[in-house]
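Each of the two complexes below includes subunit A, the first together with subunit B, the second together with subunit C.
This part shows the complex of A and B:
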């Protein structure tokens, strides 16, 4: 087998695992968009905030310590103990649920029946607020996140591919784990929304608010539920991205990569978010692989957006989105 | 669903027993800014009866229904339900008290199947908590089974077996109306509110819908309040009729009484010239 083909296959495989990471972020957007028609600009910041909180809990950091020190002149930083990961994750989940309740209580509740654009603006505000809040609460320095997921080259894949092709592929074990966890997450979300009472209520609210009210569904409860689930998905995305490249504020920018994913997959489809993420991941890596020698580097920065543009021209509703029908 | 309190009720011409007062609306006034949609209206609804609200366009009929179902909150007046004054409630709380409704412009969950739509009608009959639900554990599974059986009964009753799995968006208008009725019935309501159940239907569909409304009342003894434009339909269906015009009540009584009421004839039927 020619080497170029092998290298391309390796690039594609790496693209698949990178795509899973995009899909994880896109998933959070889709959940909220489906249930409330809100494009939640704060989803990326929620992932950052979740990762910051997790690291904070793990390392026993004192929240708001900079603020406390500045006011009281103390020199507090840490409680002096480390929280085990198995405890820190549920604690972070609790914080994300609390955040959902607060968002519903102070933002969404007051914007019922407003135009989508107004709700969108509110989430932009929320993104900046949450980013600043995360900074004050946990500090702005880059932190390492380790929840015990394996890292480094996967020997199994290396050996297997070496035996097959005489060339070992490099795949990061972390990304394999991310793919597995994402699959479990999507499967459980699908089962939850298809077969449970809350899931059915969630889909009902997503479909028609008035009708949902008339069968006795509380919109506020469903919104808290949706934002909580989006918060948990954000935590998973935050853990994966944080483990890969450290918890830093540029993490909130990965949310922007979710936009082309959503345009490809459709804003209302969970499978769409997954497939869209995979296509972008693979496309990015392959385009980079083949075009780099010709046009120079850094194609990964813009390829996704270009692909999204092409989709907007020919299939604006995305691969799996609801077809846009104009009735005259 | 069935309240057998028949004291101070009455018996209809065809021998159906109508019970005591289920709901009383007292001096309801509803304003939107400067516009008065409902002016000081009072009437009652008795257990087991079919109560119609009629009137010309813009008379305030739908507003009245929205007051009963908690979508609108009147500035003055009170709603007495099952003998108690109802506090200000949100629509979903009213629904949980056993008041189900349909909408003038069909409000179904278009993306869901007929079966799923009707199942949502039973949401507040499911008591399993979110964790049992999430794990599909214990009570959750048993409840789903029971609710499914109840829903199948309603599907049979309304003769929509053949479209059980069809996404609602694909159905013709008449069937959508029937699915909406099925969803409301699935809640086993004490009071069923129908906002123009026959609007936009052809004659055949209208006859079917009439039959279903009567059958539902007969079979489950469901108290029904309906708004309708078609005078003929209303007179055949209902036990008592409230007539509204410009937000005021101008008539209230049996179809025959209403038909003979001068003011009603003037406002609604037009003055007869022969």
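This part shows the complex of A and C:
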């Protein structure tokens, strides 16, 4: 097999795993948009906040220690103990649920029946607030995140592909785990929405707010539920991205990777987020592989948006989005 | 009447409270404590501030005049940096340290017009070494082109004086900053016979899968990195992932701090980076820093970054600013110096080994002197290597000199082109 074909196959395989990482971020957007019609600009910051909180719990960091020290003149930083990951994750989930309750109570409740653009603007404000709050609560320094997931080249894939093609493919074990975790997440979300009472209520609200209200479904409860689930998905995305390059404030920018994925897959489809992520991942890796010698590198950021723009021309609702029907 | 009395009382209180603004030396800090690059901006700003606090607390200021510090948040954003400049330019800032190449490029013409000196230590516009064109900009003790040349000279040493047939990849932040070393490395490639492979990474650099697959395919002998922020730990992690020999991976001084290696853990062991100054707590100055600043609770930030690479860099920048202010006071015979006098101090700065030892920083930075023809100092740098087991950077070389002849030749070409574009008549101010 020619080398170019082997290298392209390797790039495509890496694109698939990178696409799963993008899809993890996009999933949170889809959940909130589907249930409440809100494009949550704060989803990336929620991933950052969740990861900061997890590391804070793991390392026994005292929340708001910088603020406490500045006011009281103390030098408190850590409790002096480390929390096991298995305990820190549920504790972070609890914080994300609390955050969802606070967002519903202080932001969303007051904006019922407002235009989508108003709700969108509110989430922009929320993003800034949450970023500043995360900074005050946990500090802005880079933090290493280790939840025990393996990192580095997969020897199994390397050996297997070497035996088949005479060239060992590189795949990051962390991204393989991300693919597995994303599969479990999507399966869990599907089971939840299809087979539980709350899931059915969530789908009812997503289909028609007024009809759902008329049969006694509490919109406020559903919003808390949706934002809690989006918070948990943000935690998963934060763990995967934070494990790659540490938890730092640029983590919130991963949201930029989700936008083209959503345009491709559709804002209301969970499978769409996955497929959109995979298309973007494979597309950008192959584009870079073939076009790099001609136009130079650093194409990943703009290629995804270019592909999304092309999709917008032909299918504005995305691959799996709800069909836009306008009657005159 | 009551209002007049109240105003008089406030004025009297302010006078009694301390020196007036005119009797202080204003050292502004264009810092970034928020945003995606905050992790690098915070320790630098803390080091800068703590050193100035030390001078105030221990020495009562510079030449008896207290230092007044102000801080303006840029978030590493060029527009906000320019806004900061506009807000402080009327307040006699003695020297600006923007800590951003983007902001530097915007401020060069403005500071020239307003007569405010700017110090861009190890960043900014490299050709500002030519003080005949860039009268108000200084980039001592080293610039990007020096850094690129020092890395090549180090690799020459490692390869018995020849890089013939070697392949060197430059992994760079796809910005004005990241592209700075390309001309130097290209010229040096022609001279030393190595093949240069340039690989760009879009900001912020969290996703580098394609770049490292390319490195895996191309198999370069060395990878040189010009990164900042999250791009650095991501690249080091990716290098560890593909099992690239870490001792053959060398970053510029902006890719060689604790923030860059700690998130990677054991995988970062052996990674190398340029060092334009020493690091760690083994310098006598930290005794005074502990006594007058840390123990007194007068430290900036959280006080837990003391001794780290970027804290040391901020402290070094402040030390050079203070020494330039002393020089300005000496030249002009006045203690309350103006920005124009400060410029003279910077243009005649002389840092000797004896002075560094006297300041409690022996061998912390290179000895150098500034002149109109050379605003860039010596350009020398050391190589440091990360020991993941001990969790510390170790200096593995002494000061390595850059190929200054080539760099000055390139700087002259670039600066004269800038002068022609902007109708500047090259000339020394003093």
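The rule is short, and it goes like this: the second predicted complex is superposed on the first by the 328 of 328 C-alpha atoms of A that agree within 3 Å, B and C clash if a C-alpha of one lies under 4 Å from a C-alpha of the other, contacts with A are read in each partner's own complex, and residues count from 1 in each chain.
By definition in this document, contacts are C-beta pairs under 8 Å (C-beta built on N, C-alpha and C of every residue); 3 or more make two chains touch, one makes a residue touch a chain.
Just so you know, these numbers come straight off a predicted model, no measurement behind them.
Undergrad: Mind checking the superposed model to see whether subunit B and subunit C fit together on subunit A or clash?
TA: Aligned on subunit A, subunit B and subunit C fit with no clash.
Undergrad: Check the residue A:311 against both partner chains and state whether it touches subunit B (first), subunit C (second), both, or neither.
TA: After superposition on chain A, A:311 lies in contact with neither partner.
Undergrad: According to the stated criteria, A:285 is in contact with first (subunit B), second (subunit C), both, or neither; which is it?
TA: After superposing on A, A:285 lies in contact with subunit C but is clear of subunit B.
Undergrad: Between subunit B (first) and subunit C (second), which does A:196 come into contact with in this model arrangement: first, second, both, or neither?
TA: first
Undergrad: A:39 contacts which: subunit B (first), subunit C (second), both, neither?
TA: Neither partner.
Undergrad: Between subunit B and subunit C, whom does A:29 touch in the aligned arrangement: first, second, both, or neither?
TA: A:29: touches no partner chain.
Undergrad: Check the residue A:208 against both partner chains and state whether it touches subunit B (first), subunit C (second), both, or neither.
TA: Only subunit B is touched by A:208; subunit C is not.
Undergrad: Does subunit B (first) or subunit C (second) touch A:227, or do both, or does neither?
TA: It touches nothing on subunit B or subunit C.
Undergrad: Check the superposed model and tell me the shortest C-alpha distance between subunit B and subunit C, rounded to whole Å.
TA: Superposed on chain A, the two chains' closest C-alpha atoms are separated by 35 Å.
Undergrad: Residues of subunit A that sit at the subunit B interface in one complex and at the subunit C interface in the other, please.
TA: none
Undergrad: Of all residues in subunit A, which touch subunit B in the complex?
TA: Touching subunit B from subunit A are residues 191-192, 195-201, 203-204, 206-208, 210-219, 225, 322.
Undergrad: Sort out for me which residues of subunit C touch subunit A in the complex.
TA: 33-39, 42, 174, 198-204, 206-207, 209-211, 213-214, 216-217, 229-230, 233-234, 237, 240-243, 259, 262-265, 267, 297, 302-305
Undergrad: Inside the complex, what are the residues of subunit A that reach subunit C?
TA: Residues 7, 10-11, 14-15, 18, 66, 69, 73, 75, 77, 131-132, 135, 139-146, 151-153, 170, 172, 241, 244-254, 257, 284-285, 288-289, 292, 296-302.
Undergrad: Quick check on the complex: what are the subunit B residues that touch subunit A?
TA: Residues 69, 71, 90-93, 95-96, 100-101, 103, 107-112, 116, 119-121, 123-124, 126, 128, 130, 133-134, 136, 140, 143-144, 183-184, 187 of subunit B touch subunit A in their complex.
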